[in-house]
Amino acid sequence: MVYITRKERFSAAHRLARPDWPEEKNRLIFGKCSNPNWHGHNYSLWVTVKGEPDPETGFVANLAEISRLIKVHILDKVDHKNLDMDVDFMKGRRSTMEMLAVAIWEVLQEPLKASGCVLHRIKVRETEKNSVEYFGN
Amino acid sequence: MVYITRKERFSAAHRLARPDWPEEKNRLIFGKCSNPNWHGHNYSLWVTVKGEPDPETGFVANLAEISRLIKVHILDKVDHKNLDMDVDFMKGRRSTMEMLAVAIWEVLQEPLKASGCVLHRIKVRETEKNSVEYFGN
Amino acid sequence: MVYITRKERFSAAHRLARPDWPEEKNRLIFGKCSNPNWHGHNYSLWVTVKGEPDPETGFVANLAEISRLIKVHILDKVDHKNLDMDVDFMKGRRSTMEMLAVAIWEVLQEPLKASGCVLHRIKVRETEKNSVEYFGN
Amino acid sequence: MVYITRKERFSAAHRLARPDWPEEKNRLIFGKCSNPNWHGHNYSLWVTVKGEPDPETGFVANLAEISRLIKVHILDKVDHKNLDMDVDFMKGRRSTMEMLAVAIWEVLQEPLKASGCVLHRIKVRETEKNSVEYFGN
Amino acid sequence: MVYITRKERFSAAHRLARPDWPEEKNRLIFGKCSNPNWHGHNYSLWVTVKGEPDPETGFVANLAEISRLIKVHILDKVDHKNLDMDVDFMKGRRSTMEMLAVAIWEVLQEPLKASGCVLHRIKVRETEKNSVEYFGN
Amino acid sequence: MVYITRKERFSAAHRLARPDWPEEKNRLIFGKCSNPNWHGHNYSLWVTVKGEPDPETGFVANLAEISRLIKVHILDKVDHKNLDMDVDFMKGRRSTMEMLAVAIWEVLQEPLKASGCVLHRIKVRETEKNSVEYFGN
């Protein structure tokens, strides 16, 4: 079993706040991330799939195809966008790193499977200091 | 003459667009940076001052003081903010890297001079691929 | 289950040597790390906790609180300090990366648990080339 | 149990192609990596071993010895070389990251064991975007 | 005057050797870079242009256009190629970083000027340790 | 004229303090860098030389030779050492980045000249945030 990872980047705006909470509570819980006029990040995204290398090609997976799937299903929707206003798969979720990683897993799992890949891990890094990893349920 | 540099980071939202232009023209000139719902970046900022090292301390400048000035005059105003809506020194300017570097120069030059420092260079990096430098007029 | 990681940095001096060994033996076993007058590093520290995201906030853990705990319990004690002379939780231990990671785990586990976090991993990097990971016993 | 990792770098040429396939098929399957006149990378290699820290030294393993083994068995054979023409342990294999990681595992496992180390993971990164990990069968 | 920089990456094979020198002399002068079967690198390329920001857009230059020019004139010719065999603008030159930077300057200067940009600097990095800069004659 | 740069790293202990000042004054001026029991850093060092590329080799300078000179004259003296106690060329100087850069210039200038190289710049980085550059008086 070999694990193969593709790293991508995207730039997006977001804020952390519940519309059903008053601003003071959003400020208390989400701190400076609750700024009403948004803020943003250069996100890094790592997508890891696993499998046995194909004896004919030496590939676990074709990274060109994985890269294309990430572009179509994720990057085209989030890059230079607002995670809270523009992204269909984030509707109804807080745009925390945790929720973003879970959502990206849910979006990518089927297309990757259809390409013969078994998704193993989604890693999202928001700043140099903060990151999350999700391995499915 | 020795040049000493302090690097800081901040995360902000912005968009590139002129309010007096129709959306199609903003899209044509500013591309994906014109997204109406904003996008954002982790910005890196380098502030360089120059001078002769003080023979008593070996310092050209006290980086703790430079860091404090950058925090008070820049970071507290831009970090987790919207460059186009929340930042006084960006009012009336496009939030390009170029304009941001020039504005930061203008904001920092006087406080640094009052601390005995000669500002040499402002460098701003928006993404891993794009950066600007400004050395004053 | 989502894993969330906070990265911090600190700068410290240390040396690797046993006081009960002669210098030649320390030199033989610990190499250049045994320099009697110390040397030092910019250490990187990653603290990973795990859990289910809170449906209300989308957070596994509040990184501002984790960051505060790391600051109070670790960074304030090791940053710009001597790991062998100044740090209470390293008393009686070799200041190898391995021992440092184990000690940081032991120091952080209780305060993190009291904040509702389950510690998963401590990673310590001493130089670009050398790092360790500890997952508890 | 503590995991300790040594990172090394090397620069090598390679191409992805099967000699028993026509160029068009190699181009179709391996894309630009099939360029007949080779291309190359700065590879990063992480070797992770695991164990209990020795109570006398605080070491899981002596990184100087691990570094020497990686140099003798891997770096001296691949650095500034052609992976497909010059490297004995890659003979008969595609020089994909996957095959390279598996081969490096096979080469290092015995010498590391003879030095008292238990190999845990080989990670190979070909570009900033692409990497693999192998943990043994 | 503001300086704006675009960073790109490419992966290529090369060797350092003069065909009119015997192998021993190539080995003596060019060291391990003379390996007859090639080696390779992930190159980083920084292209810097300078100018006054346009008061209407806040741009010194449109980075999307600069990026397109670098792609068409440089990256499409060198990425996943052999600098000594595949690249027209390197014909008759040693593929040292120095010669590569000078050649890229010569190739890009005219197209950039035609787009209204004044080329200021070409920087090429071959490995983490080695880089060159060229500012024109 | 092409500028060529070699980057190296070293790990060292130091403190900032004047022996003729009381501890309170050292603490006031040098802050946490005055810790009496030392602290330390992973320093990065960039050495830049300039010249015309040799038409025969395409080299401004032989980086293997520059690397050797840096090793013999600098790294062997500072790596895994105490800058204030172990390093001859720092005797009588504060071990600030500024003084370190000036001292390294003074040490390297002659050996580089003897090898046909014109030293252009010494850059020293102490932490991710703090660096200095020196171009000679």
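Labels A, B, C, D, E and F are assigned to the chains in the order they are written; within every chain, residues are numbered from 1.
Everything below uses one rule, namely that a contact is a pair of C-beta atoms (placed from the backbone, for glycine too) under 8 Å apart; a residue touches a chain by one contact, two chains touch by 3 or more.
None of the values given here were measured: they were computed from a predicted structure.
Engineer: Show me the overlap between the contact partners of chain A and those of chain D.
Structural biologist: The common neighbours are C.
Engineer: Considering E-F alongside A-B, which chain pair is linked by more C-beta pairs in contact?
Structural biologist: A-B
Engineer: Per the centroid of Cα atoms for each chain, what is the distance between chain A and chain E, given in Å?
Structural biologist: Each chain reduced to its C-alpha mean, chain A and chain E end up 34 Å apart.
Engineer: State, to the nearest whole Å, the distance from the C-alpha centre of chain B to the C-alpha centre of chain D.
Structural biologist: Distance between chain centres: 42 Å.
Engineer: Taking the mean of the C-alpha atoms as each chain's centre, how many Å separate chain C from chain D?
Structural biologist: Centre-to-centre distance between chain C and chain D: 29 Å.
Engineer: Listing for chain C: what residues touch at least two other chains?
Structural biologist: Counting only residues that touch two or more other chains, chain C contributes 128.
Engineer: What residues of chain F sit close enough to touch chain E in their complex?
Structural biologist: Touching chain E: residues 1-8, 53, 56-60, 63-64, 67 of chain F.
Engineer: Under the touch definition given earlier, write down the residues of chain F that touch chain C in their complex.
Structural biologist: Going through chain F, the ones touching chain C are 9, 11-14, 32-33, 35, 37-42, 79-82, 85-86, 127-128.
Engineer: Which residues of chain B touch chain E in the complex?
Structural biologist: Answer in residue numbers: 16, 18, 29-31, 93-99, 101-102, 128-135, 137.
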